[in-house]
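Structures incoming, each one as structure tokens.
Both complexes shown next keep chain A, but they swap its partner, so chain B is in the first and chain C is in the second.
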Partner chain A sequence: MKLTVPHMGMLHIAYTRILRENGVDMMPPPKATVKTLNLGVRHSPEFACLPFKINLGNMIESLEAGADAILMPGGYGPCRFGYYGIIQEQILRELGYKFRMSTTDNPDKLSDLIDTIKDISSIKNRPDGYRVFYLILMRMAALDRALAFYHYYKPREINRGETDRALEESVRLIDSANTYVKLFMENFRVKRIFRDIRIDKRFKPLRIGVLGEIFVTIEPFANLDVEKKLGEMRVEIVRGVWLSDWLNDRFRFKPFRRNQAKLSALWAKGYLDYPSGGESMETVGKTLMFHRKGIDGILHIMPFTCMPELVASTIIHRISKDKNYPVLSMTFDEHVSEANIVTRLEAFVDLLERRRVERLSRN
Partner chain B sequence: MTSLKGEELKGYLGIDVGSVTTKVVLIDYDGSVLWNSYRRTMGQPIRALQSAFSSLKKDLGGVDIRGVGATGSGRKLADHIAGADRVKNEITAHAVSAIHLLPNVRTIVEIGGQDSKLILIRNGVVTDFSMNTVCAAGTGSFLEHQAARLGISIGELGSYALRSASPARIAGRCTVFAESDMIHKQQMGHNLEDIVAGLCDALARNYLNNLARGKDLSSPIIFQGGVAANPGIKAAFEREINKEFIIPGHYPIMGAIGAALLVRDTKDTRFKGLSVSEQRLYTSSFYCSDCPNTCGVIEINDSEKVIARWGDSCGKWANMEE
Partner chain C sequence: MKNIRVGIPRALLYYRYADAWKTFIEELGYEVITSPETTAGILKDGIKKSVGDLCLPVKTFLGHVESLKDSVDFLFIPRYISVEHDAYMCPKILGLPDVVRACFTNLPRIIDPMFNIKKDKDNTITEFSRQVARILSLEPEAVEKSFIKNSGAGYMNEQEEYSLTDKKINVGLIGRPYLLFDRYLGKNLFRTLSELGANPVYIQPSENEITEAMTVIPKWVYWSMGKEVTASAHAFFKDDKIDGIINICSATCGPDSFTGDLIRKRLNTRNKPYMTLSVDEHASDTGIQTRVEAFVDMIGKVIV
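And now, the complex of A and B:
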């Protein structure tokens, strides 16, 4: 059995090696390209969101490459996402593919996930299942930490491209760490790699908070790599959504990290008092939090037809008006034009720069 | 325009390579326009730029160009060809020129060939903007297409609209539906003037629905971009929101003026000189087959040498040294 899981940011780096070492024949989908997107779009309902289309493209490409089993998170999802596995399975069956598909019924329930791992791997007892699962989570957290370093160092680097190389090297190191002890050691090395980058210490970059629907926000292929574009415009990114935070909210593996969903709900009070699906609570709460922390502006990312983020978008534009706080919403789907995205990003950065100059000259 | 042939003229050049037209202006330090050129890109931005440069040389003789700013959707191309000191997006460029002209401006409505923008300004600073993202309904290309279908020139569109007493109501949500609705109205027997006026109304409504939703359009409002040439659109906007729209004298070249204003503090310009117009520049493109992305890579060549490459998402062609 060759197992594949659709891509989501760097998640595949966290699990592939570990599951392989435990007897699972893992085959992550080929890296998403235009071909992936075209395949996904051709076979998806038009108004399904971009994550659905990219997932489906990943699945088709994996099946073509020889995979015969798909694992897709599902269950009562945060939004329409909960149905996606079922619909994708149907579409793939109609296309004539033969495969086994499992959707995790309740992605929030730990024992469910451990059972799934026991099912597909050579691990036969629960404690080992926990040990492997938590190692994957810790690796994910390490990858996210490396990316956060990248966001900090990229706008300050003196030699162009040095930070990109540091990130590549860090990902390689983290990928090679297949035990808790090794991962612990590699974390120090990653920190050192980034600290060795030559940076302009006096330069104070603009800081933009990046919030929105989690898949499109963390997947560079889906958002035309806006984070890299902003980094090259010498803007520091303060990301509000992380895959490891999302996982930590459910499985509590980072003892000192607060539950981000609950934290956001506290901040969002008065603007959004009830969860409205997806990351809407995080988007609203963290917009208010970033405003208080003096982040210069918010870039809000969402897929076209995303209901939860549409709700959040309406609310954060209200916040923008109330607090005189710049917010730029960007919607992504397969039709998005890069020229348009770049022009709006540049204009937004200019806007923030001018505001900062005004603020400094007033004080 | 005053001819200053013979004297050495100093100025700053602004280049705005748009989707439909290419604008080049020469301004002095105070921002007054010394020379300008407005011509159709005709799908050949390099040719358009070169011919603008050669007519600049013909009109003014020797000019000391102290700085060059590039904007518009073809700003990167303009930079590679002419060598620009600053490459700025259209939104900032338009805001800079409008603020220069009218320091207390609060709203800028800009409608060009293929995109439209709304820029809000408070105390001389851009505070918000929006730009059409998915639909070209309500831009110059749409108007031009419809004018051609009705058999009148784009320049006459405005005067037709102003002669109408009761504009026909045309569905403006989408260009395709607008067109079929127009045909329907023609067949019902509405006269040409009413249909043209209805078209202007539809465009104004479409703009306000798409870009201005929930935004506070307060006076003074400046209306610029090529479509401002059409008094029918101005009238439609004023009817729709009951506020005066100010059209600056240089409405079609405001973006280029903004780009030029931004380079007034340049020390040593990167400008390659007006002789660029005599170079044998041509572009070629190929599809990179190294990964399934199959990016279309574009090259600009000067005779046999490649000057610049772009279009690849991984950057390996763009960063290649020749």
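And now, the complex of A and C:
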């Protein structure tokens, strides 16, 4: 049985090696390309959201490449995500593929996930399940930490491309760490790799807070790699949504990190009093938080027709008006073009730059 | 009496709870003002007020708020999170009071009690009433009693009018009540069909019908209204007397994009004529009229 799980950011790097070592025949889907997206779009319902389409494309390509089992997380709303697996299975069966589909019923519950791991791997007892699962979580956290370094160093680098190479190297190191001890050591090496990058210490880059729907925000293919584009425009990114934070809110593996959903809810009071699903609370709460912290502007990323983020988007535009705070909302779907994104980002960065100059000259 | 006016926008959940809300608020001693039926003007106001690509019913809701806000002292926009233990409302309804606040300045005070059965099944109504009482400075017990007494009333029981008849062509209509019963948004499908000599049928699926429909599909639908739409579709597909089914949905409706797919592929096992009409602010009456006409014509040919 060759198992595949649709891509989500760097998640596949966190679990592939670990699960393979525990007897799962893992086969991550081929890297998403335009072909993946086209396949997904062709077979999806018209107004399904972008993550659905990319996931479906991933599944089709993996099945073509020889996978015969799919694992898709599920859930019970209110976002559409919980229903993805059902509709995708139906579409794939209609296309004539033969495969086994497993969904986790409740991705918020630890025991459910451990059972899933026990189900697919050679691990048969619970403690081992926990050990493996938390190792995967830690690896995810390490990857996110490397990415945060990347966001910090990229706009400041002196030799173009050095930070990109550092990130690649770090990902490779983290990928090779298959025990807790090794992972602990590699974390130091990753830090050192980034510290060795030659940076311009006097340069103060603009800082843009990146918020939005989690899949499109963390998956470079879905958002046309806006983070790298901004980095190349010498803008520092302060990301508000992390996959490891989302996991940490549920499984508590980072002892010193607060529950981000609850933290955001405190900030969002008065603007959004009850989460409307997805990352709406984080988007609204962190917009207010970033404003207070002096981040220059917000880039809000969401897929077209995303229900929770539409609510959030409406509210953060009001915040933008109330606080005179620049917010750029970008909607991504299969029709979005590179030139469009670049132009809008450039204009936004220009605007922020001008505001900063004005502010500095006033003081 | 005090003559304080409470406004209820005629959109979204109004089409489900209108009577319950109206009598409830009147009983508390306030005057209830509902906005007029949707017109092109109201929708235009709503579109002007909304940011981004919110869906048609929410835009309309904002238009209704606009038409009400200057003539009332309070706006009644409750936050319905869940009305059943295993289903949510749509995310946009979850955030509705906040969206309204974000889109308007100088609004009258909004009464936004939360109705969430998922959170605490036994105290939902108590909690709901407590929040209403706090905003209106009333006695929570009195509010609760009034709410319980009136909560049984549904939206104007027009269902009888839309039951099966001996007419030749019976067309089942499925869709969210706020589209179907809004004469402007729903393009008055009921009348259009009657004029074409077909008989429009609408049902409010019962508890049993919903449970039965949910066993046919692989996973229960976790949106209350999506669940009802799916269940009535299931009932219609089973019913021999129904000759065709029209599903009306808003173009960018999230839940309907998925349930629509389920209905088409899973439930339509007997290959009955089935059509999806997706409407948005650009949908023209003539376009809809033509499609419905063609649909009824086609059914007529199949039957004869």
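By our rule, the second predicted complex is superposed on the first by the 361 of 363 C-alpha atoms of A that agree within 3 Å, B and C clash if a C-alpha of one lies under 4 Å from a C-alpha of the other, contacts with A are read in each partner's own complex, and residues count from 1 in each chain.
Going forward, a contact is a pair of C-beta atoms (placed from the backbone, for glycine too) under 8 Å apart; a residue touches a chain by one contact, two chains touch by 3 or more.
From a predicted model like this one, the values you see are computed outputs, not experimental measurements.
*Asks:* Just chain B (first), just chain C (second), both, or neither: which does A:M307 touch?
*Replies:* A:M307 sits against chain C, while chain B stays out of touch.
*Asks:* Quick one: is A:D273 in contact with chain B, with chain C, with both, or with neither? Answer first, second, both or neither.
*Replies:* A:D273 sits against chain C, while chain B stays out of touch.
*Asks:* Which partner does A:P78 reach: the first (chain B), the second (chain C), both, or neither?
*Replies:* A:P78: touches chain C, not chain B.
*Asks:* Just to be sure I read the superposition right, which of the two partners does A:T4 touch: chain B = first, chain C = second, or both, or neither?
*Replies:* The answer is neither, since A:T4 touches no partner chain.
*Asks:* With both structures fitted on chain A, tell me whether chain B or chain C touches more of chain A's residues.
*Replies:* C
*Asks:* Give one of first, second, both or neither to describe whether A:H317 is in contact with chain B, with chain C, with both, or with none.
*Replies:* Both chain B and chain C are touched by A:H317.
*Asks:* Should A:T331 be classified as contacting the first partner (chain B), the second (chain C), both, or neither?
*Replies:* A:T331: touches chain B and chain C.
*Asks:* Determine, under the contact definition given at the top, whether A:E94 touches first (chain B), second (chain C), both, or neither.
*Replies:* The second partner, chain C, only.
*Asks:* Under the contact definition given at the top, report the residues of chain A touching chain B in one complex and chain C in the other.
*Replies:* In chain A, positions 317, 331 sit in both the chain B and chain C interfaces.
*Asks:* Show which residues of chain A lie in contact with chain B when the two form their complex.
*Replies:* 30, 33-36, 317, 324, 326, 331, 335-337, 339-340, 342-344, 346-347, 350-351, 354-355, 358
*Asks:* Given the complex with chain C, which residues does chain A contribute to the contact?
*Replies:* Residue positions touching the partner: 45-49, 74, 76-80, 82-83, 86-87, 89-90, 94, 271-278, 280, 304-308, 310-315, 317-318, 329, 331.
*Asks:* Can you check the complex and tell me which residues of chain B touch chain A?
*Replies:* Residues 73, 88-92, 115, 123, 125-129, 131, 133-134, 214, 291-294.
*Asks:* Help me check something: in the complex, which residues belonging to chain C touch chain A?
*Replies:* Within the complex, chain C touches chain A at residues 50-55, 79, 81, 86-92, 94-95, 97-99, 101-103, 112, 114, 217-219, 221-223, 251-255, 257-258, 260-262, 265-266.
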